[in-house]
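In what follows, chain A forms one complex with chain B and a second complex with chain C.
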Partner chain A sequence: MIPRPRPERFRLRRTMMFMNAQKPGLIKDAYIYGCDSIMLDLEDAVAENQKDAARFSLYHALKTIDYGDTEVIVRINGLDTPHWQEDIRVCVAGGADGIRIAKCESAQDVRTVEAAVEAAEKEFGVEVGRTLLMAALESPKGILNAYEICSASERMFGVAISGGDFRKCMQTTPQRDGIDMLAARGQMLLAARAAGIQCFDTVFTNLDDNEGFEAEVLQNKAMGFDGKSLINPKQIRFVHQVFAPTAKEIVQAERILRAYREQSAAGVGVFTVDGKMIDIAFIPGAERTLRLARACGMYEGDLV
Partner chain B sequence: MKNYVGREIPDYLLVNGKEVYQGKNYMDGKYLQKASPKTRRYEKPQESKIVASLADALRHCGAKSGMTFSFHHHLRDGDFVVNMVMKAAIEELGLEDLTIAATSLGAAHDPIADYIEQGKVVGIQTSGIRGRMGEVVSAGKLKTPAIIRSHGGRPRAIEGGEVHIDIAFVAAPTSDCVGNCRGIGGKSNCGSMGYAMTDAKYADHVVVVTDCLVDFPNMPASVEAIDVDAVVVVDSIGNPKKIASAAARISQNPRDLMMAENVAKVIAATPYFKDGFSFQTGVGGPSLAANLFLEQYMDERGIKMGWAIGGICGPMVELLKKGKVGKVIDVQDFDLDAVNSIHQTPNHFEMSASQYANPANKGAFVNKLDFVVLAALEIDTGFNVNVLTGSDGVLRGAPGGHPDTAAGSKCCIIVTPLIRGRMATVCEHVVTVTTPGDCVDVLVTDYGIAVNPLRQDLIECLDNAGIHHVPIETLKEKAYSLVGRPDDLQWEDKVVAVLEARDGTILDVVRKIHPYTLD
Partner chain C sequence: MEILKPAAAGTLESSDAQVTVEPGDGKIELSLSSSVMNQYGRQIRDTVLETLDRLGVTSAKVSVVDKGALDCTLKARVECAVFRSMDASDKNIPWGGAVR
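Entry: the complex of A and B
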């Protein structure tokens, strides 16, 4: 039995790699590729008559494989299926770090899942509140209700858009410039930031189109996403590269934090670093940069 | 007597100047008396050397029981020639007590196992031994221990007279009527004929076996008529589909790609990665894929590869055609892209096995090599590699050029998954040491990288580049934690194969496997 530490609600999640929970060859050591989170899928990747088998495979994986620092999230089946309650019991009993709610459309959906999770935590003697949640928005209704979804629970760490279903609803297809989902991505980002949770972009499914993938990742970063869902380990490297801070940003963040600690100890609230006015509002950003830098192997200091 | 890598070598093998392995470069500076063949004079003008059959060729060369026949392995798993020749010698001429000295043997040669069991073939000297032949030798059915040598060790042993070849058989995709051979232009093309070259120069007799007779003179020849006694034309020397595969494709397996990327990262972190560097890689998934990532680093730094050697396949030819590598020097071809390139693409050259890897000559290419990327069946915590025996102790592999390139190169990188099925690749002690740990520098697995503590300079390079690495013991423990620690193999006393280090000392022995019985 592998005990997993209590999940961190806000941690680095640049890359979330999807994999079929039913494929032992995939899930037995998915952590070796270095993604921040793995997303074990009980939903679309698993055939209807294989749901039980996948749950068994998932439970034993969670109980016997040491995923180390890699976060383990499970995508459960939609609330309109007969599977989601049993999915939740397996996730909680196995000790998954978080659950991704598929096809989430309202705050009520989140609360429904939360209630089932809490019941399962009590059933299996797991600390209540341990299991985190995230929501996948897959429909226009989900996007329009993004803010209430994002702020529906203390367990919510993030929200993601699911491009395949969403584009179908919108009668569009993937476009080179991202115009197909521009409004939805923007709305979801606004809601996530307003609710203070993380926001993730959808998968890029054409593995042969490297250029398209790279353009989308660059756009994700520019729009302010925290990370991206992936379908193949070979996509990890580029996302990490794009989401890594620059050397200049790291130096600046270090200076801001050092100056802030010195100045606040001396009772000063506003000061300048390299000619720029700095106050407490800059601190979370600087800390985030250094945490990111550490994860990317670019910072070894002790400020964060 | 225990050797440098801790293997117990029976004293009775240490005769006629044979020594145990003493560490790399032990023979450096010593002198070697070259052997010379006794060859027949063909003074009288001769229209043609074509004889009607292999049996006639054997008779022409004075074949008799007790002789040593040599073969080369460019036709790989498609080869028909070894089996044809041995059949003619044993079943038509009734010869026995024969020794096969081949550059390598494979699954294509399963029928030879019967001749071993019948006691007709009593000696095997080879780099590779697999399939049924590996099984019967491991079962102790060969009269004398098989001798396993690297691709560089073989020409050393031939030139030094440790192997005396009575008749060398050259499988030739094309030949003219007097025996000028090439590896291209026929119907069973193999490209380079590098492994046949030393054999032809040092054998008493040479028989060319071809399925495509071309006009005289077949030039430039890989094996020259001046060394050839007879030419035999047969229907087919091999199965082209198994001689050269369709173009070797770079793996899309994410695990292979991740390891390959880390190999390239390690290479780019060393001081040897500069304009004009030299490189050899294998054709296994992650080894071959290293080409792809290496190219990205070369582009980034604006540098080119000076030269590449080895068994060659498509991706390296691709780099040559793109102008990213200056010269490709080729001892064997693995796919049709390479076969169709040698002698055709400018700067794609052929070389002999001796020129490639012989540790006893004065200028083998391996000794100027910067990087080699190699696979392993097993690697132990002393960085000793096994590419010969399976986890059951049975012969099923080949050292090939592994020990030669590892010893010669400035940076030898082994790339292998940590586990294969239920077997730990990184282990406490390899079954057989085929490449000694003092020649191996870096290990890249899917679970992490380890550097040989003998190479503190490389450790520093990786640290400076921010490449995470762990002690090899950590990888071993991880492997055992995943698949468990296997019981030791049970052996009998009888030595079934002697593994020579490339310099001719004894690196290890393979003993007869004790049949496993369930309680």
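Entry: the complex of A and C
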């Protein structure tokens, strides 16, 4: 039995890699790739007549395999299927860090899952509130209700868009410049930031198109995403590279935080660093940069 | 638990095992083949028998074709086959109880 520490609601989640929970060969080695989170999938990757088998596999994998610092999230089947309740029982009993709600369309969907999670926590003697939630938005309705979904529960740590289903609903296909999902990504980011939770982009499925993948990751970073869902370990390194702060950003964040501490101790609220005006509004961003830098092994100081 | 009808779980892919259970005649009859029989045959046999014992299965014909599965996978396949044989694999599984 491998006891997992209490999940952290806001941790680093640059990469979240999907794994079929039904394939023993995949899930036993999942942690070695170095992604921040793995997403064990009970939904689309598992054939309809193997949903039961996938749960037995998942339970023992959760209980037996030491995933170390890698976060373990499980994607459960949609609320319109006969599977989701048992999916939740096995996730909670096995001690998964979090559950990804597929095809989420309303705050009520989140609350329905939350109630089942709480019942399972009580059934299996797990601390109530331990199991985190995230929602996948896969339809126009989900995107339009993004804010109520993001703010529906204290367990919610993030929200992600699922490109395949969403593009189908919108009668479009992946475009080079991302125009197909521009409005949806933007709306979801706004909602996530307004609710104070994390936001993740969809998978890039054409493994032969490296240039397209890199362009999309750069756009994700520029739009303000926290991370991206992945389908292959070879995609991890580039995302980590792009989402890491630059050496210049780290130095600047350090200077801002040091100056802020000195100046505010002296009773000064607004001041300049390297010729730029700095006030309290810059502090959370600078702290975030240093926390990210620490996670990437680029910062060992004591400012955060 | 009583095996009511033949049922199977698992695949013949690497790192997996295919487990078949059938109603028995009062005892456990296990037939085992494995790609790692020489190194792990005894351990695989022990894991399968312990899992059946935990589930309270005392009468069954069990066949295991192992392709190098970890213990946790073997357990999962045996349990799934047994619950399937009773049409009880879809809900209210005793996670952490008989299944652990």
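Assume the second predicted complex is superposed on the first by the 298 of 304 C-alpha atoms of A that agree within 3 Å, B and C clash if a C-alpha of one lies under 4 Å from a C-alpha of the other, contacts with A are read in each partner's own complex, and residues count from 1 in each chain.
Note that in this section a contact is a pair of C-beta atoms (placed from the backbone, for glycine too) under 8 Å apart; a residue touches a chain by one contact, two chains touch by 3 or more.
None of the values given here were measured: they were computed from a predicted structure.
In the overlay built on the shared chain, the residue A:Gly275 is in contact with neither chain B nor chain C.
More residues of chain A are in touch with C than with the other of chain B and chain C. Of the two partner chains placed around the shared chain by superposition, neither chain B nor chain C is touched by A:Gly68.
In the superposed pair of complexes, A:Pro82 makes contact with chain C only, with no contact to chain B.
Of the two partner chains placed by superposition, A:Pro284 touches none, neither chain B nor chain C. In the superposed model, A:Ala93 makes contact with chain C only, not with chain B. By the document's definition of touching, neither partner reaches A:Pro3: not chain B, not chain C.
Within the superposed three-chain model, A:Tyr33 lies in touch with chain B and out of touch with chain C [touch as defined at top]. On the side of chain B, the complex with chain A involves touching residues 254-255, 257-258, 261, 446-447, 466, 468, 482. Residues 29, 32-33, 232-234, 237, 297-298 of chain A touch chain B in their complex.
Remark: chain C residues 9-10, 13-16, 69-73, 75-77, 79-80, 83-84, 89-93, 95-96, 99-100 touch chain A in the complex. Those residues of chain A whose C-beta lies close enough to touch chain C in the complex are 23-25, 28, 51-53, 55-57, 59-61, 63-65, 82-83, 85-86, 89-90, 93-94, 124.
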